[in-house]
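Reading through the structure tokens given below for one structure.
Chain IDs A, B, C, D and E follow the sequence of writing; residue 1 opens each chain.
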Amino acid sequence: MSAETLYGLCAAALVGLGLFGSIVDPQPLRKILAFNLLGGGVFLLFGVIARRGAAAGMAADPVPQAMVITGIVVAFSATALAVTLLLRLFETTGQATLRTGAPARPDPDSDRAGS
Amino acid sequence: MPPAVTLASAATAGGFLLVLAIILPAAGVLLALAFGRHAERIALLLMPAGFAIAIAILADVWHSQASLVAVMGGWAPPLGIALRADGLSAMMLVTTALVICAVGLFARGDFGMPAGGGEARAPLVFWTMLMGVWSALNAIWLGRDLFNLYVALELLTFSAVPLVCLDGRAETLAAALRYLLFALVGSVLYLLGVALFYGAYGTLDIGLLAGRVRAEPVVWVSAALMTAGLLAKTALFPLHLWLPPAHAGAPAAASAVLSALVVKGSFFLAVRLWFDVLPGLPGVPAAQALGTLGAAAIIFGSVLALRQERLKLLIAYSTIAQIGYLFLLFPLSTGAAAAGIWGSVAWTGGVYQLVSHAIAKAAMFMAAGLIGEALGHDRIAGLGGIGRALPMTIFAFGLGGMSLMGLPPSGGFVAKLMLLTASVTEGQWWWAVVILLGGLLAAAYVFRVLAPALAGADEPLRLCARVSRRREAVVLALAVGALLLGLLPLRPSELLQIGRPAAPTAIMR
Amino acid sequence: MSTGFALDAGLVLDAGLAALVLAVAVGAIVAGTAFAAVVGFVTYGLLLALVWVRLAAVDVALTEAAIGSGVTGAVLIAAAARLRPAEARSAAERPGVPLRLAAAVLSALVAAGLAMLVLLPSAPAPSLGPAAAVHLPELAIGNPVTAVLLAYRAIDTLLEKIVLLLALLGVWSLAPDRFWGGAPGQPHAAQQDGALALLARLLPPVGIVVGVYILWVGAVAPGGAFQGGAILAAMWILVMIAGLRDAPATGGRRVRLLLVVGPAVFLAVGLAGFVVADGFLAYPASYAKPLIIAIEVVLTLSIAVILGLLASGPPGRERQR
Amino acid sequence: MRQVLDIFTVAAVSAGALFFLVGTVGLLRFPDPLTRLHALTKADNLGLGLVVLGLLPQAEGFLAGVKLVAVWLLAQLAGATVTQLVARAVRRGGPPA
Amino acid sequence: MTGAEALLAVSLATPLAMLAACLSPRLRARMPGLLAIAPVPALAAAFLSPGAGVALPPALLGLTLALDMPGAILLGTAALLWIIAGIYAAASLRGQANGGRFAAWWLLTLAGSLGVFITADLVSFYLVFAMVSLAAYGLVVDDGTPRARRAGGVYVSLAVLGEAFLLMGFVLLAAATPGSSLLIHDAVAALPASPWRGSTLLLLILGFGLKVGLVPGHVWMPLAYSAAPAPAAAVLSGAAVKAGVIGLIRFLPFGAALPDWGGALAAAGLVSAFYGVAVGITQANPKTVLAYSSVSQMGLITAVLGMGLAGGNAGAVLGASLYAAHHILVKGALFLAVGVVQAGGARRLWPVLLPAAMLALSLAGLPLTGGALAKLAVKAPLGDGIVGQFATWSAAGSTLLMLHFLARLAAAAAPAIQGPVPARIVLPWLAAALASVAIPWALFLTAGSGTLSEALAPATLWAAIWPVLAGGVLAIGLRRWGRWLPRLPEGDVVVLAEGATGAARASGEALERADVLLRQWPVAGVVLLALAVILGAAMLAGH
């Protein structure tokens, strides 16, 4: 077994783990965390593919690597936005949950944020 | 390995238009951020230009009867990235421009900058995100590279989420968070598929991939993951958890964009994936599975719409139902049928539904916004007599409803007619039953709104705000557009065939 | 390649690293508290950076350590601390056993599908490496990853900058109206004599040098705008946390210009390509390297400011005029 | 000469590793945060210091040696700061469980 | 485009143009007074344009217009009724606040009602058919009472259901038509050879059957006609309902003999013919009685067409058109009579009742009236067999029902109304009554379906008069023992259907619960992964 295969299997396991965590964990923050973990697994898969594509004197295919860099930045942006949303939700309602019951009832005289 | 650079993607003369279609709104984002107090002006100035570009692309595609191609930086795929406008892209570009411009005109009332000349939160965010949505959508319609499309998809999500919770109420915050998280899981699944495709075939260019894919496990796994991820972003039943609160909670102008356009972005990518990247490969059972979900969405969304007490929730659930129609396209133009003319009838019908629903739904959400503004609430039970107070708005709502029901001569009628025809001629009559039933249910929920609105009020109507005639006119114009769409059924279906497969493999090899 | 039972030291290291990554990941998922989970996640990110080095992706390793683990970790830790009062309540909403079981089985199925594909590699593995290498001399760039990011797939990078900016605006949009344009968060109490303040005084000079070095070296060796920008951002965040410098007002003209200058220059150079080269984002033959470096410099600035502000959260104070 | 240096390297790195081991055991076994910090700093300071010291003769050139020392110094700085911060947090109201 | 062709286009464009003018509030307020103008071009077209055909450019939906003989007969009489009812409506709407709204609905219904007689391609036919079906809703609910709203709800539900059947039927027709022609003529010609002949016919009959009120699709008629104002009820029962008749005429393949389908259609028609009478005599409201009479009469027309289909006899079409033309005018005039009686009260009852009686018995086929001629026209298609026998007996039923109507009309007159009945109301009604006698004679003689001597032959007269006498005897019996009859609610079986809404509501609630469950995050997450796995498995299975 080569190192790439090893890390490839590791990536597959991380993806499974991240999916499980983001579905099952009730806390939104830990869903976000699991999503990042999941993203790590996907990026690792890119890395394995890049390494397998080593050619022309390069230790790895640079194209997937560049994609991972882009992907990491996008994932961070998503995390920052999601965390801020969550914190704001917590400030507004005093709880941090994604649970829903019936569709939200209208409150006719709710005002705009903070105004 | 094939040679790195193929002749396939040589740029066409009009290629710069494709770049501009994406870059112009993106530049709008930058300008709006830099000069916050002028965000509205910047957006409104860019709108005619963007609209003109979309029209120019359409004209160019129609005139040349061939796709427009632009190669970024002169680096041809697979190393570089190309953009391509086929007939379908051109049609989506124009639809997007139309809806965005209408929403822009409509939103001037809601999101004007404060009188003092300073910068305010909601207007800046709204106008900037609107530009972001536009740029992202154009990138999606034109993209030819699966990873580039991933970035566009994320751009779309990131512009759409803040629009949901623009008013900062707790329930819209929760809705936005659910939307964001579910959409993110969807994007990761999509990205996973992208990785697998690259690992197997060494390119992400749609045209090159189409020539290289074979029926093998990697294709099935990645196609399944990508499709599932895109379905999550499209909110196809039963993955609709985020849509009703998000679309119903957002400000009307934002809801219009979200419901009319944003969910279509990921659907469009699913279409690209199945018909352009993997022509014929996903196979009949998978297409039937997607069709089944679509059918379930039609019934489920319509019944739920019928049972809502709030107008905007009703419209949101109707979006779930209407998304269902789109997915009938898959079983009706896959497999044996794909070769025949009827496959393209179903295909055209599906795309027609895409466009007509976009226009009709935007008009309906904006009409609901005006109604809510005038009444101070959007409870359906309290709509009595609103027809007399806002005749243009209710008329617009009714016209949009006609398209949802599939009454002639609306665009929705043509779409459903084509889907029905395809399902009959292919012997898949079960879809026809669902389409008809969906039409009946749509009539019922539209009627539920129109009946009290057109009847007299039990007590004199008390309006809490005056609604500007100009905004009513914008909504009505859009609704009339949805109606008139049915009057030109022949030419667009020819347009949609430009750059269709049969072509790609032949050209690429 | 596996050669019988002959132990390959590198492979042992890889196996250990992979096992460690997995163990830490499991720990982060099952951890008892959110805080512990975040700490686990940061560790996971650092270990992942090591994996990237093992996979000959030093650029990615730098990015992962700086952004994937570093800044993300900071954001998550701060959130975990603030959300602690709600933790017990939301943790009690754990789904029932059947759902958990179903989720576990399906996640495992997806992972198994991926594992199967990993074990059935297509031979020979396709690669764009040769194609990327062929054109490097034209660009006079030594680092192929930089070439991909700023030339071959520059449009991705450009759009992704817009993504970053929109994410930042999205974060800001969550502020109450009255704080619009104000500085993010509460001011951190300055502890002039504190250990943190000491660190914040000693580290940034070093960090800034390293950041600029990484940016500069990106043209020929691992490094580049993201990595450099992330390090600069980290220094800035450290200074803000230590209370030595307050965060700037988000509505300030200078901040706004810094935010957009990178993408704007990128865009402008790209558009100039229509005129001076053959199309959007094309560089004229002999000016490729200086243009790319110029773009990288302004991008680094913008990225540092965007990342720093993203980590600081939405405006939380009224704007002083 | 080369051999002597190699032996020195092996000895110093081994000693460093021992400190890491001891520190880890302490981290796991000690009862409260402050004593755990104590154990950690041993690994940080002495362990890393010995490893760096041991590796110095193996460095390829002067610049690499400087880099190694810089790594140690930075780790010292970070370790000291973080230890201070954690300890203060503990004194103020207890750490996260 | 010749003048005749232009006239066809103008007859459809005039009401639509007036409708567009309604967008202006000022013009809308004046519109009720102008309603009678809208159908005038159509009336002219009926005389001048038979045989003309015109295809408008594709930009206008590829609208194709054509006028054949049955179309011309129905178009002319329907237009006449619309003119008369328009004058009547202008008078009764005078001074009412919502007159403009009523006028808008009226014009839309009018455009559809006349349009169905002249459109020649599938898409435009569907469009105008939907117009007349759906716009009538606005006329039904005009007074805004809960009763009217219920009627409107039932009506529009069934109308939309009918639309759905027709849409599917049209799709099947178009799919079976060789080439890309969408002309009704071509589609119907290809129908006998269509692979989906059975389904197509069934869908068409269901769709048009709902419109003509074939039992049990008749339930909307009593509700809607009794709720609508008199002029609206007149045009709905007289003109609008003929959209279903022209639909059957245009779309059934009379060129091919289909004994099974024709027989079944004839049987369904006869069932309606007798069912309408049987339920009608239990009703108290004169408008409801008239509505059930419509059920019965439309059933008879359907039976005629069914026999025509069974025998491949295209001649049935002309007979059915004549019969329908007579029904347009008579039924319109009778509904207007109800309005006149309500306006005039009991003191001026007899001057109204006598002409009304003549009209009513005309419907039953009293000799020398238009009804006798109508019956004569359909005699041949109905044949001498069992269907013909039943049809003859149905005339006795009609007599019974009409005498019951006259009794209820007299009883409904309010005693307290003072003052003269406005001439604006009486004159249109009298015109309608007159037309209902004169027009059938004119048509009978010009359309060449019979001669004067034939119509006045003693055998013919006797054949027409004995069912009326038998009906009279039955009516005496009804008067005597009528109180023993059960009082059926308006719309009879609709009550059962409304009972079934409970079940629908329960299933809706179940879906709502499913929605709440599916929108739980973990459930949605599991579903997402399951979908990915299923799609993967399905793709695997596809190869």
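Here is the rule we use: a contact is a pair of C-beta atoms (placed from the backbone, for glycine too) under 8 Å apart; a residue touches a chain by one contact, two chains touch by 3 or more.
Remember, it's a predicted structure, so these values are computed and weren't measured experimentally.
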Reference chain E; chain at largest CA-centroid distance: D
Central chain (by mean CA position): B
Between A-B and B-E, the pair with more C-beta contacts: B-E
Distance from the mean Cα position of chain B to that of chain A, given in whole angstrom: 25
Mean-CA-position distance for chain D and chain C (Å): 27
Mean-CA-position distance for chain C and chain B (Å): 31
Centroid spacing, where centroids are CA-atom means, of chain A and chain E in whole angstrom: 62
Where chain A touches two or more other chains at once, by residue number: 15, 18-19, 22-24, 28, 32, 45, 48-49, 52-53, 63, 67, 70, 74, 77-78, 81, 85-86, 88, 98-100, 112-114
Sequence positions of chain E contacting 2 or more other chains: 519-522, 525-526, 529, 532-533, 536
Pairs of chains, among all present, that meet the touch criterion: A-B, A-C, A-E, B-C, B-E, C-D, C-E
For the chain A and chain C complex, residues of the former touching the latter: 1-21, 23-30, 32-34, 36-37, 40, 43-45, 47-63, 65-70, 72-81, 83-88, 90, 94-97, 99, 112-115
Residue ranges of chain E in contact with chain A within the complex: 516, 519-522, 525-526, 529
Complex contact set, residues of chain A against chain E: 19, 22-24, 98-102
Of chain B, residues touching chain C in the complex: 1, 4-5, 11, 15-16, 19, 22-23, 26-27, 29-30, 33-34, 36, 70-75, 78-81, 119-122, 124-125, 128-129, 132, 135, 139, 147-148, 151-152, 154-155, 158-159, 161-162, 165-166, 168, 173, 192, 196, 198-203, 217-218, 221, 225
In the complex, chain E residues that touch chain B: 58-61, 98, 123, 126-127, 130, 134, 138, 141, 144, 149, 152-153, 156-157, 160-161, 163-164, 167-168, 171-172, 174-175, 196, 507-508, 511-512, 514-515, 518-521, 524-525, 527-529, 531-536, 538-543
